[in-house]
Every structure is written in C-alpha cells, then in structure tokens.
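Dropping the structure in here first, questions after.
Chain IDs A, B, C and D follow the sequence of writing; residue 1 opens each chain.
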Amino acid sequence: MSKPKVGIYGLTGCAGDQLVILNCEDELLNIVGALDIKSFSMAVSESDDDCLLDIVFVEGTVVQPRDEEMLQNLRERAKLLIAIGTCAVWGGLPAMKNEFSQEEIKKKVYGPAGDIFKTTAPQPLSSFVKVDLSISGCPIEKEQLLQAVASLLHGDLPRLPGYAVCTECKMSEYTCLLVEKGQLCLGPITVAGCKARCPGYGQPCIGCRGPVEEANVSSEIEVLKEKGFTWVDIQNRLRTFVASIDPLQIESV
Amino acid sequence: MSKHENCSDCQNPYTPHPARIIRILPQIPDHQLFQIHIRFEDQGKVFTYRPGQFVMLSVIGVGEAPFSISSSPTHEGIIELCVRRIGHVTDALFRLPPKAMVGIRGPYGNGFPVEKLEGNNLLLVAGGLGMAPLRSLLWYTLDNRSKFKDVILMYGAKNPGDMLFKYELLSLLDRTDVKCLLTIDKKDESAIWKAHVGVVTTLFDFVDIDPNDTYAAVCGPEVMFKFVLDELLKRNFAKDRILMSLERNMHCGVGKCGHCMIGYKYTCLDGPIFTYWDAINLPEMV
Amino acid sequence: MHNSIVIDHICRVEGHGGITVGIKDGRVSEVNMDIFEGPRFFEPLVVGRAYDEVSPILMRICAICSGTHTVASLRAVESAFGVTVSRQTHLLRDLLVQGGNIQSHALHLFCLSIPDFLNYPSAIALASDHAQEVKMGLELKKLGNTIQEAIGGRAIHPVNATVGGFGRVPTRDMLFDLKEQLKRGLEQSLTTVDLVSGLQIPDFCVSPNIYAALSSNEHGYSLFGDKIALSTGDTKDIEAYKEICNEQVVSHSHAKQSWFKSKPFAVGAMARIILNGQKLSGEAKKAKVRLGLDAVSDNMLYNNAAQAIELIYSIERAIEIIDELLEVGIREEKPLKFRVQAGTGIGAVEAPRGTLYHSYSFDEAGRLIEADVITPTAQNLANIEKDLRVAVENLMDEPKELLSSKLEMVVRAYDPCISCAVHLIEVNFE
Amino acid sequence: MKIITLPKENLTEFIGYLHAFGEIHAPTKRGDKSVVFAPVSDLSEIELNYTRTILPLKKYFFKPVDVMFNFYADKGYEAPTEEADKKYVIFGVHPCDIHGLKILDLVSNGRYVDTYYFAGRNKAAIIGLDCIPDDLCFCRSIGTDFVDAGFDLFLSDIDNSYLVRVGTSLGDDMVKAADTLFHEVNKEDREAYKRKSIERRKSFRTEIQLQDLPEIIDLEYENEVWHEVGEKCLSCGTCSMVCPTCYCYAVFDELNLDASSGQRKRRWDSCLFKDYALVAGGHNFRAERSSRVKNRFFHKQRGFVTQYGRPSCVGCGRCKAYCPAGIDIVEIVNKLRSQTRV
C-alpha cells in the first residue's frame, strides 16, 4: 500500500495539537516514515499546498475569513478531514461566550485601529465543512492521536470513547471531587479520553475535551446548584470550551 | 468456594481460530457472501453447527462482529457468511485481499430447534438480510427433505436489485419439493421481474397452511416482523410455533459482556432464535 | 534588484506570520512582519472569571510555553492576594519552568533551527542523513516534556499547578527517576554544544540591540526575578513593565509591538545570557565561553547558541532543584489556603522566548476585573523588523529565493511564538 | 465450620504471617475521606474502620481495562505472556463485597468460562471483616449483611478479639502458620458474638422490601419514576463502575503503529451509555436515558432474580454514594411500591 498523503494545518489556535504530534518523540520518526507528509508548516519548510491529500489534520478555530478560506480549500483537497483539538471540534477558548460582542471586544483591544481587521464569530470546523473525524482535547491526547494514525494506516477510522470523564475517573478509583468534596467538576458531562487527568491531580474537570454526546447539561446544572455554586460560576465553567453550550438557553428550557 | 477450580482445563472462549476466506461472492451492492474455511489448530475437530447459529468474526486490527451462518451444516468443511457493509468491521472485511486470514469463534447461539421441526410443515418468511440465517435452515431442510412435510419460502426485497441469493432462489422455482415465493416491494420499470410484486405479507394469499402442524421461521427488519406476526396470528399460529431471529449489540457472543441482554435472556446464549411467546415475555420487545 | 519581497508564510515557527518588504529606488521603504494568526481576545474574555479559572484559560495563549504562562499567571494571582508560597512550591514551579525551557529550546534547535543552518527543509529531512543527532534532539525534547508531565501533570497546558501550590506533589521515586534522566540529558546537551559550535553563523543582520531580561537577587542564573534589567543600564521593577512594553497597534499585524524609549528591544535566551550570563556556573559557564557569547553580540543569529547554553543551564538547574528537594525531603503539601481580597498583582517569568508578564486586578470576591498579558514575541516584533531591514539592506543584490530564506532565518532565530503574540492586549486609548 | 479467636493485639503479628501467602491488599485511606483496596505492608496502613471502598474487589479479577490477547497480521492470535504466578491476600473484605464476588463467580461460570476472571480469582485469598454500616447500606434487606461462605477467613469484632471463621483449607493453613496467635472459642466469646451480632443487626437502618419486588417491577414498567430518574441521570457511568456486580464490558482492538499488530482489550462498560444497545444500521434499543436507567435497575432486581433466583444487587450503597445526581435505588423501590399500594 502506498503511503497516505497527509497535511497538517493549523487555523487560529495555540498550536498545542500540532505540538502533541511533535511531542510523540519516540514515535515521530516512525510516523513520518509511514506517512507522506505534504505539509506541516510548524515543522517543515517545504510544503505542497495544492496537492490532493488522503488525510488532513486541522487544528484551531475559524475566527477570520482567512481561516475559513483555508478550511474550504483543505476540504476540497482532502479525502478525510480530521479536526484535532477542542478548538477545531468545539470552538474552544476563542469561542468562549461572554457579555461582549466580537466588535466590542475588537474595539476594546485595538481601539479605532481594529477596524482594519476582519474577524468573525469563532466557530468550530463543522460549522463550515463536513468533518470526518473529531479528536477533541485541549490539547489532544497522544495515545488517541497514535491510535488514530494506526487505524488510518489500516484504512479504518479509530473508535474513540463516547462516555464521560467520570467513567475513567472511577476506573482509576480517584476520590470524587464533586460528590465528596463539593467541587465544581464537569466530569459527568465531559467526554473521556484523558484518563481523568485533572481529578487524578485533585483538580476538578474543567471540560477541556468538550461534552459527551447527549450531555445532560440541565441535570449537571441542578447538581451544581444543589452543591451551592452560584449561577455565574456554573455558567462560566460551562461556556469555557464549547461554543454550542449556552447555559442560558438550557436554563430557560 | 465457588471459584472455578479446574480453570487450567478451561478453554479461553475469547480467542478466535484462524480461518481463511476462500471465496467471495458479491451479491447485491454492499453485500457479499464470504466462503470461509476454518482451521482448527488441534486437528481432528470439525466445525459443526445448527442452522440459525452465528459466529464471531474478527478482522485483525479492527475488531469483531457477529454473523449468522448462511450455509447449511450439511455442507461440511466451509461456512458461508452473507455480510452487509455497514461499519468498521464489515468495511474492513470488504477491504481484505483475496484469501485473507480472519478469526472465527463459535458457533454460538441456540439455532433453530431442527429436531422439533421435523415432521412438520415449514414456513420460512424472510425480508432483506433476514434471508442470511434462513438460507441455512432452507438448505438444511432441502438436504434432509424426507424429514419435513411441506416447505414454503416467502422472501421479499425492495426491488430485484436488492434480492440476495437471487439466482439460487430463482432456480428453486422449478423444484416441486419446495414452494418458493419471491416478491419485490415495488416494480422497477427498467427491471425484468416476472414474479410477484408487493410487500412480503401479500404472499400469504398464495398459500394454504395448517397452523397445527406448521412451524414458521421469521427473519427480517423490525418493521417486517410486526406485519408478518399479525398475519400469522390471524391464521391461528400458536405463539410458540413462530420462531424469530433477533439482532442485538454483541461484544462477546458467550453470555458475558451483557450487551445483548433482553430482560434476563442473553440473545447470544438463549437466542438468537426465540419463539414469539418468549419474545412477548421479554421487555423492550416488538 | 527587487521591488518587493513577500513571504506569505514563515514555516517552522509556531503560528502564522509573513514578511513584506517594500523597496523603492534601491532603498528599503518598509519592512513588515505580518502576523495573520487570527486574534483570540483572551484578556477581555477572562474578565469576570473567578481567580482560579484565570490561569487554566490564559495558559492556553500558547502551547509551547504553557508551563511558563501558568507559573507567571499563578504568581500574578498570588501577588494580588498577598500569598507567598512555600519554598517547595517555588522549587517545583522552577522545575516546571526549566522543563518547559528544555523542551522548547530542544524543539527549536533540533527541529527548527539546526536544519536551517545545514540547509535541510526539516528535522525529518535532516534525520535521513543525521539520524543520531535528530534522535538525540528528540530525546532532549522528551526530557523537557517528562519533567513537565511529572510536575505539571501534562506536557502542554499543565493541570497540576494551582494557586497556592500543587494538586499532587511528585514522589521521591519520581524525583530520583527524573534525576537519572537529567544526568543522561546533560551528556546530550554537551554534545549539542559541540554541534552548535560547528555551525557557521552568518553576519548579515548585525545591528546594535537593546536587551532586556529579568534579574533576580539569587546568586545564580535564574528565570525568575523582581526587576527588569536592560543593556542600556536601566533597571525597573516588574511593576513598571509598562514603561518598557508600551504596546502599540500596527496596521499590518494582529499583534502589537513594543518599544523602549522609542527604540525596539530584544528579549529571550540571548538577552538573558548577555545580561545574566556572568552568573552561570558549571558546564553552562564553559559552554558560554566555547560558543563565543562571552563578548556582547549584536547578531541575533547567535540566539541559537544562547539556547544551547541555556539547555545545559536548565538541566543543571533541574538537577540542583531535585537535589535540594530530596535533601530537605519532599512533603505532601496541599495548596495554601488564603483569603480572597481585592488587589492587583504582577507575575513575571522568563519564558523560553523572553520575559513574560501577567498582570491582574481582582475585586473583593476574587473575580477578575482586568488582565494584561505581555508575551515575549510581542516585545520582540519591533526588533525583528529592525533586523529584517538590516538584512535586506545587506543582501539586496542576492537572488530573491536566497534572500527570502535568509529573512526567514532571521525571524526563526528569534523563535517567535505567534500564538503568543496574538493573544491580544488591552490598551487604553485616551 | 472451624471457629477460633484472634486477640486484637495479635492482629499486627498475624498480618506479618500473611505475607507468606501472597501480596497483601487491604483498605487504605486515599485523600481525606476515601478508602480503596491497595497493597499494604503492615497493619498501620490498614483502615479497619471503613464503610465502603470506592471500587469493589472486581477490580482485581475483572480489571477496568484488560488485555485479552495479542494479534499479528501474520501469526494470528496469541495469549498475552502469562503474568507470574503472583498470589494475593485480600484482607478486610466486608460481607456485601464477598457476596458481590460470589455473584461474579456465578456469571463468570456457566457454559463458557471467563478464563481471565478466574485466572486472577483463583490466586486470591479473601479475608473478610465485618462492617460498620451507614445510612446508604441496605444489604440487610438483600440478605448480604452476613456471609457464610466465599471467604478463606472471616473476622468478626467481639470487642477485645476477633472471632475467626475458617472457610477453606487455605484459610486453615494461614491459621496454622500463626498457630500461637489464636485461641479456642470460650463461653464469653460465644456470648460476645451473639450480643455483637444483635447490635450489628440493629445498626442497619435502611431497608427495602424485596419480596414480590419482581412483580411490582413488572407492574410498574411504565411508571413515571423512570422518566424522573431519566431526567436526572447524567449517563456518567459511575454507578456501573463502582458496582460490585456490574460486569458488562466492551471489547476493542488497539492497533500498533505498524498497523498490523496490536492487542484486543476489554474495558468496563455500562448499560447507561448511549451506544450500549445500538446496533448496526443505527437502531438503538434503549435510546432514551430513562429506558437505560430502568434497564440497570430491571436487570439487577428483576431479570437476575428470574435467572439466578436472587437479585444481583448486594446493597452496598455505592451507586447512591457516588452518583453525582444522587439517584438512589432504595428511593426508586419505595416510589414504585407506594404507587402500587394506592
């Protein structure tokens, strides 16, 4: 079998997910040996930005017309488009909702000079193009990335867990921060894959991997309210990583 | 103590046996019939099974899935699986090169109670991929023809292009020892189709069955079950003379993983063949 | 002779940036380092958040130096609340920052810069001829990540460091294990110096620089400090960081630029070695002599050499920290309890690319009123443009291709982190 | 059954003797409140006064994630290299957890034997210890507050000593190894045991009515309660993970980077997960959360009874204790009952 042609691209983001690829120090030379990497601008100068691709990994959020153009172009060129990282999958931190509008923020930051920049409301990739596989995480987990590469080399798409962080948290037998310590933990509605890293360090889950399918956000809100958290705290925590979770909407249902 | 004392003697039920795909016969789009030869490392053992049983098939690196055995145990040495391409494992199966190795465990499940069926009329009602397990029973009865009274097959597909085992079944039309009724849901202008048109239940008008010495075996999509059952009940079939093959999510095939549990029955151990009476007593059923 | 040079996308840097050079009548009319990474408006977004949410959000400005962002952020929060952490917590944070420095410098040297000097498009290409060296570079990089994982809980966006301390303190065994790995890394970092000393460093962008770095009271070289030292001889308290980082919006870029007394200045490994290098000891001190950084250099391409020296420093320092922790005995210490109050605080740490400032104000409930984050790359941008201009003037007659690649080399030498630069800063327009 | 006593002051020494029988695991503190089974070297690390550990003993024999075998494109399937014949002594197991193990033994047996489970199970000695219940324990109603088999030794607190019941010949070997530490049971011991037993029985405060529950459940199959709990349940899986008798698992293949070899693994699964009963083609037999909560309950309190003549719940209270949404089997039972009584 010929090596799959692969592109690794970043839209607007912290480059953490591309860095996770580079952080596979032990496997990196095997990975690049098994793939025909056509573009990886964070690590490689030579880049073919016109060729057709078998697989493209895209990191980051769409926050400006330039990002969207690039994304559309990648979609046209690639057989499989894989969103890597919570920014690409859910919108991530740039899509964090708060009381300011995009224009207001731009004004605040740049003053009148801000008018020269075009920005759009930050959105995940799936708001613009079909995404064939989503690997979420802020940043993505190395194991999931390697698993994905192995499956893709086999011609298959990896099957990533759909259950919640709590499941992994309990599998590791960590003390429950929500139930036993009354902390604001988003583990029950956040998708697993991190092996409950934060609870393992005694830190509540802040939801960096995005929600599980069918997340019961309204019940989570009820639970947190019962624990005595204010509406502002709950709201803030819920809208940190995911553009589509709007607690206000959920609350009004 | 209730530990298992002699575990060193137990066979690990989870490790597949190596098997080789010896032929692939394309059926209709996204459906292929795989002929598979199973090699047992410990020689001398033959792979025997009953119609209606299934195997767990593994494709290396992708996973495992259950498939009904589509061939008749009267044909020794190989098994045939009729597979629809729908997800990870089936997709990988379709990508395999010719003569590839796969893993097989089984046979599992109860299968059809053929001894009980002997001496009776048999009415087989299939829709779509439901033909896969019923084909095993069909050929089993035809190969043991003297043990059964009348054998009737009703099989419906959406259109002629969706009919599994079409030529094999068309060839049965000439036989006198089996009544083969084929139908398609809607007539497609372009296709040549001389047989019946209409949903599978409309075929009941062409047969006259005595429910008292007949067993019905039904297999097909959920929607079909309901209508066929109505028809059978209308004809006074006893609920325990209606046999059906059920599909559930399965991860082990041996009654451990829990996925196929319906109420307190394991589809993989107690099924996949259930009588209608059994099924009524299970929650979440038809 | 060219009219203009446009480099659409600088590769092998973190983020998206380009270079535009305008040439008029044989003279350079403009040089712009364009940053078109999309803006993410971190500071306004974080306003209203509880104090313990600030660092997990703001560390995500950048992946490569998220550990340093975390430490700077936590120090800012603690200083706002008047919290002083334990010696153990301080040492563990120092260790975390050293881990980040090791990973970042190894990444930059082996994956981004050395291929440059040896004319390879990437470390991957380099690996086909120099597999040993690339493997070694990756192992050094991994060492940095191992430290960050052990102390921070994750190599990128650490989860274990919190306000007042750490969620889980590493065990004695983990520290012993790290030390063993560090000893091996020290050997490798010395080999790295051999490698870097063999590189020909061109001089097409030499021009006078002003350097700035934190300076500390500690007797040794440090990545922490309460004062900012400048090569002009000026010193400032970190509280006065705005006097040197008076940021301005420039039209071609999503990042803002900094000038000190209307002159550009440089921060980063080179600035630190030049300003604090006399405090180095051990192998790092020897390497500094060996790599010719003893005399003040105005050639930013030497930044790579400075990184190689710091690679040794960070490893030696990490061993030193572990030794101290083991000697005193590592205690299972919970994060400090403290009273939340209104206040303003600044945290400054030397990130791999230079001084990083986080400055926050909180209300009585501990909610953030205002945040200001100044990243090293933002501070360097004006200086990069200055160096690019010099380079274009020196190389104007070279073929376009070559010139372009030389210009990229200048930018890359600074190891810019464009995500960092475009997190965006709030300024007041009066 | 052989019964002897062990003075409390001899326990430390006895535990010393146990090292010869395998690695000792016992309840230990994790964090401020939680208790978990973990390796210990002596009595000082053991938390004798605990109510429940986060995970039950199934974690030892039916691991959260376990390798089933290796696979290779060319060689086929191979059992993983055998773990050295390591033995375990699990000390301080409460009656409900021993009952939990007995249920796992039952389901792991049968026509097909779960060899992975028994590989570990057969290597572990169980030393039971009676418990101090809290309001979440309802084992007494289920009949799992006392245990008369399924342990090698069982220790009951009779004030100054433990009354030790010897359940197996291995248990007897342990006693023999530390012969001098044990005493014959005398009259006071017998009286003390009976007195303590009554006291203990009184300390179980939470009850459910088990008789006719299967019928009630059938009758109340469409009860509103299921929708109420369905609204609350987060599908987080916690209840299934911590349950001593939840034994569902999912199987998956993990491929190496060479794309031709790897491992088949299994991990704990939960019928509360959305894709649990999903079949190819997209049909989901339990698409609604309420139907999934109901299924877990139904299987434990109704289906299992038909199959094995007893519920598969041991009343340990873990699912209530750790459910973030506070869903409580006892409350569900009471609701189902009060509504039928009307």
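Just so it is clear, a residue touches a chain if its C-beta (ideal position, glycine included) is under 8 Å from a C-beta of that chain, and two chains touch if they have at least 3 such contacts.
Fair warning: this is a prediction, and the values are worked out from it, not measured in the lab.
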item: A-C against A-B, pair bridged by the larger set of C-beta contacts; value: A-C
item: Whole-Å gap between the CA centroids of subunit A and subunit C; value: 25
item: Centre distance in Å when subunit A and subunit B are each reduced to the mean of their C-alpha atoms; value: 43
item: Mean-CA-position distance for subunit C and subunit B (Å); value: 65
item: Inter-chain centre distance, subunit B versus subunit D - centres from mean C-alpha coordinates, in Å; value: 38
item: Touching two or more other chains - residues of subunit C; value: none
item: Two or more partner chains touched - positions in subunit A; value: 150-151, 154, 159, 202
item: Per-residue multi-chain contacts in subunit D, two or more chains; value: 252, 255, 259-260, 262
item: Every chain pair meeting the contact rule; value: A-B, A-C, A-D, B-D
item: In the complex, subunit C residues that touch subunit A; value: 9, 11-16, 36-45, 47-50, 53, 56-57, 60-64, 66, 107, 111-112, 115, 121-125, 127, 131, 134-135, 138-139, 141-142, 145, 153-157, 159-160, 162, 166-168, 249, 251, 254, 408, 419, 424-427, 429
item: Touching residues (chain side subunit A, partner subunit C) in the complex; value: 10-17, 19-20, 22-23, 25-26, 28-29, 32, 37, 40-47, 60-64, 66-67, 93-94, 96, 98-100, 105-106, 108-114, 116-117, 119, 122, 138-139, 197-198, 200-203, 206, 208, 232-233, 236-237, 240
item: Interface residues, subunit D side, partner subunit A - complex; value: 30-34, 36, 54-55, 59, 64-65, 231-238, 241-242, 252, 254-260, 262, 267-268, 270, 273-275, 289, 321-326
item: For the subunit B and subunit A complex, residues of the former touching the latter; value: 61-62, 88, 91-92, 95
item: Touch list for subunit A against partner subunit B, complex; value: 150-151, 154-157, 159
